[in-house]
Amino acid sequence: MAETTTNGHAQSVVGTRTVRPDGVDKVTGRARFGADFNLPGQLIGRVLRSPHPHARIVSIDTSKAEALPGVKAVITRADFADQPSEFIPAGEMMMNYKDVVRNVMAREKALYEGHAVAAVAATSAAVARRACKLIDVQYEVLPHVIDAVEAMQPGAPLLHDDLFTVGVEPRPDKPSNVAKKIEIKQGDIEAGFQKADLVIEREFKTAPVHQGYIEPHAALATVSEDGTAEVWCSTQGHFIVRAHCARLLGLDIGKVRVTASEIGGGFGGKTVVYLEPLALALSKKAKRPVKMVMSREEVFKASGPTSGATVRVKMGATKDGKFVAATAELKYQAGAFQGSPVQPGVMCAFAPYDIEHVYVVGYDVVSNRPKVAAYRAPGAPISEYAVESVVDEIAKKLDIDPIDLRMQNAAREGTKAAYGPKFGPIGLEETLNAVKKTEHWNAPLRKWQGRGVASGFWFNIGGETCVSLTVNEDGTVSLVAGTPDIGGLRASLAAVAADELGVPFDKVRPIIGDTGSLGFNFLTGGSRSAFSGSMAIVEAAKQIKADLCARACKMWEAKPEQVEFSDGAVRPLGALAEKAKPMTIADFARVAGKTGGPIGGVGRINAQGAGPSFGTHLVDLEVDPETGRATILRYTVAQDAGRALHPAYVEGQYQGGAVQGIGWALNEEYIYGADGKLQNAGFLDYRMPVASDVPMIDTVLVEVANPKHPYGVRGVGETPIVPPLGAIANAMENATGIRFTELPMSPPKVLKALKEKGLNKA
Amino acid sequence: MARVVLVGNLAQLTGGVTEFELSVTSVKQLFEQLTELYPAIGRHLDDGIAVAIDGQIYQDSLLEPIRPDSEVFLLPQIAGGSTSR
Amino acid sequence: MAKHHIQAQVNGDEVEFLCETEETLLDVLRDTLNMTGSKEGCSSGDCGACSVMLDGRLVCSCLVLGCEVGGRRIETIEGMAQGEKLHPLQQRFLEHAALQCGICTPGVLVASKALLERNSNPTETEVRYWLAGNLCRCTGYDKIVTAVMDTAAAMRKG
Amino acid sequence: MRYEAPGTVEGAVALLAGATGEARVLAGGTDLLVQMRADIVDPGLIVDIKKIPETRAITEEKGGWRIGAAVTGAELKEHPKLKKVWPGVVEAANLIGSTQVQGRATMGGNLCNGSPAADSVPALIAAGALATLAGPKGRRDLPVEDVMLGPRRLALEKGEIVVSFLLPPRPPRSSDAYLRFIPRTEMDIAVVGAGVNLTVDGSGIVTAARVSLGAVAPRVLLVPEAAQAIIGSRLDKPAQERLEAAARAACRPIDDKRGTTEFRIDVAAVLTRRAALIALDRARTS
């Protein structure tokens, strides 16, 4: 890889495909994930969950369970103080503490099948299992509602009698299941559609899907008599876990120490707390460490997923293809408590395009399902799938190449985004061009094969970040970051540190520190960790360089302008160069004590300037007309990374996001029975793509530098899951001539549609 | 005078007014002036609001400077960028 | 009833343990023998994260009872590297960035090793179907398949 | 929970016959262990039959093949001869689960789990396989189609186990095939399964056939009407249409999370035709 220069320092490691520092532990089984931690004397905790989707909890009798030998603690709603209504950021979405305390442990009502109603800690898993069966819960079963649209109807079963729709003036006098109505407006919609030669309006439905991380939630907690607490858990944000746990258990934040284990996938689903407060409460009662691990069934029934939704999109275009007006109505399932990702869904819907007149309205709707959690670009894949489908139909009706149509309307630097502000430098056009240049775009297709293209957008964020760099006695560097590393963060941050300080990559040891070792870090989410972390490292390295230059000046009796730091050493300039030899970081390390003490820097920032990220996906698939089964044949992802700190792990984000999107589009869904119970709470019937379901995923790394970042970095983690749904739906239309408006496009649905058109013959 | 635009539901707290001309030099001043005009909006500005100054989005950053010719948008925070704990 | 007293061979070492009938080989490995390299993703044989070799056969250790393995030979991820030296698959998984979060990696590596021991020159399709029982949610499988095929090619050259 | 691994059929039968509470036979365990974990079953006794030599053997017998009930899918696949003679049976057994599951799963377990969606059962029924049972009253042979009565309901008496399967001798120009439909390429339970076994004469006319369908009724079906539809034909278009019609007529499926009634019937017809054509092609060239 060619050497490039940013901010005057030569880069040798950034942009190369280094072996990740945490890699060896992960290929040898040594890496410790959530369930791999144990403490002497630990108890095993287990949760008793509601079998009913909606029921008033009349009484809970735990006496029989407490009497069982080996049971050391039982907790219920009575063990958690109620919380006032107050919104806080729960990972990538807002959540209300009043709801958080009710979600971790049901209070007045159980609001979904799998809702925690009690928990036990016992000397073995077997005893805990038996104890749960001995807890007597009296339920008054209530009528339930699963579908969001049904939940919006008057007379639908009401989940919360104190929930009044926000965003409607005047404030409704009756409670409902609609928590929030949000709108964005731009220009004059009526006037806009007047200018349209072609107007297309369609309604789309998507099913709720789970993040599907392979590692179930796990937590190990211990609380001592003086109220100091320690937690080891699998999370995307241990500082957030600390904040939530301290709040729910009434502990001082400073007394709670949380260590993030290696995390076995999160995708947004590990940004909230489930087991951690329960393990702490049990440990507090039992005075012993308590370990809790969810089963896969619990993961499906009581964590995640993201919203299912109904989306109506209307777009108007002139006959030469200019988009003149667009409206959308989004109804997102929030699950049992308000807080679906409908807000970002609303803001992202038309973000890739330059449209003068836009109106989008969204509804946040509760129903008897698990509370949704963030999932990779929360809310965006749903609304953008609907829009990309309509865009594809416009291209077809106007007989314009779908890439050219997107290019003609693409947002570019200076375009006023549908959600308000103007875009800075962005790479949508570049990704469209990149896709058009691929051999894939022009490859021939056979009968029953189809090709689809779609673009996608995600904001990306920065946020509070604290990173420390310490130069050790031998000149090696310890890097401590506070955002859990899910997909190669340590490799990226170590590369930046190596370049900033001019030390070899393998002399930098990056670790993820616990909450006691750094200032507050917001969680790994919003595609922020490499973006913000690398900014903080630049800041920390700056401090070290300044310190070393100052020490050199003292040692050489020189003035600041007579020295400079470059390529890993402080160098004397001009005349001074005759008397003094450059001093490397290792040289300083050896005399650190003599020259003022330990050498290090701490980057403490609230990272701003996150660069929006755009991607365009291209997919070929083949449909078996006799069974309705679609096979993905070929896939290409082009996305703007700004600057790829570690190209292999950026590609990995693109490929992983694309395949998650394939699952969302074709087979994944939460299936409920009339009884309101989840019927496919396992990997067998919740059908995530397996290795034989997908082809190689080709990637094109587009790099339109983000001017607000020292290396030009943009977040890359979330955008890759946005385009697949639309691209695959468009490919299905291209293969069959049928526009599918409901996800997943599973074989029974596809075959039914083919039959209705009399196409179900090979 | 900086041009200030409210995006989304905030306008409901200003009786529907979505655009202002305000002479402010920082986000902090902007919030103070808006709160004087519309006390109801204050609580919402404390948290959950992002500010876009000339196209660049800032997630709760009170001290960002605003130039006289700046175009400022107040929008909901994206992806929980808020850092209140 | 009393626990079963089992003697077996794990990664070449003779081990002895006590277990209840309902405890799986995975429970025994992780909780009794403290070998946490094999992961529990589903305990129903659907994710492959607990893959181990049992008398030379690839199995999900969550679908084997601990009391079944008396006198048998078990190989886990912990036994894959030879002393200081990583197995070629482990080395190439690192070089190809074939892991992200890494939770599925031990199972994928054990399964891939089993494949290459039977088929030194697998096609992409053969690799994908052999690994269909190993779920990975991070990588989209691309770099995993590439790493396995690249390792096979290198091992054929010897 | 008691665990026993007897070395003889008699030993296993005695244990099961003498059991007071719920007793379960453990072969590959790929269903039993999952059901135990999910609290669906909680047996007081588990009898592991893998230590019994005859449940683990594949032997030639009177021109046919005897396959032990506890032989794994992987072992079937690796057998040098079996795949040539009974490709349909072997490919069906090899569709049960992942590579890992193949290392454990057995046809005995697949049958005795009592699921209408069991992959190996339609192939065994199409093959005309007999199940050899052993119980307190001694041994008996039962056609595989008569072993399963309904979901989780078997014709086995208390203490009775399936010891092995007997695949009959093969006339020349005979072969079989099994196809199933799943939404993914692997790791799913069959939404529909179709097994076809047939013999053709020198001129390529079908002289004998057996057709079996899985996952379209409370039990795996033997469909004689479907067989009749192609016997005497070269499986030309009209014969294929008769075959599909007969397959459709036999289906009595349910709507569930894996597929709708309509979908199952449509796909059953398609898979039956496709499996028949594969079997025909194999028979001609065998």
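When the chains are written out, they are named A, B, C and D in that same order, and each has its own residue count from 1.
Everything that follows uses one rule, which is that a residue touches a chain if its C-beta (ideal position, glycine included) is under 8 Å from a C-beta of that chain, and two chains touch if they have at least 3 such contacts.
What you see is a predicted model; the values in this text were computed from it and never measured.
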Max contacts between which two chains? A-C
Averaging only over C-alpha atoms, locate the centres of chain B and chain C and give their separation in whole Å. 55
Per the C-alpha centroid definition, the whole-Å distance linking chain A and chain B comes out as 26
Distance from chain D to chain A - Cα centre to Cα centre, in angstrom: 44
In whole angstrom, what separates the CA-based centres of chain B and chain D? 68
Residues within chain C bordering two or more other chains: 20, 22, 43-44, 46, 129, 131-134
Touching two or more other chains - residue numbers and ranges from chain D: 38, 185-187
Pairwise chain contacts under the document criterion: A-B, A-C, A-D, C-D
Which residues of chain A touch chain C in their complex? 17, 19-20, 22-24, 26-33, 35-36, 38, 126, 211-216, 262-267, 293, 295-296, 486-488, 646, 648-649, 651-652, 655-660, 682-684, 688-692, 694, 696-697
Where on chain C does chain D make contact in their complex? 1, 4, 20-22, 24, 43-46, 48, 51, 54, 57-60, 62-65, 67-68, 111, 114-115, 129-134
Contact footprint of chain D on chain A as seen in their complex: 297, 626-629, 631, 666-667, 671, 679-680, 683-685, 687, 689-690, 692-693, 746-748, 751-752, 755, 760
In the complex with chain A, residue positions of chain C that touch it: 20, 22, 30, 34-44, 46-47, 49, 76-78, 80-81, 86, 90, 93-97, 99-106, 109, 124-125, 127-129, 131-146
Contact set on chain B toward chain A in their complex: 5, 7-9, 12, 18, 47-48, 52, 54-61, 64, 71, 73, 75-85
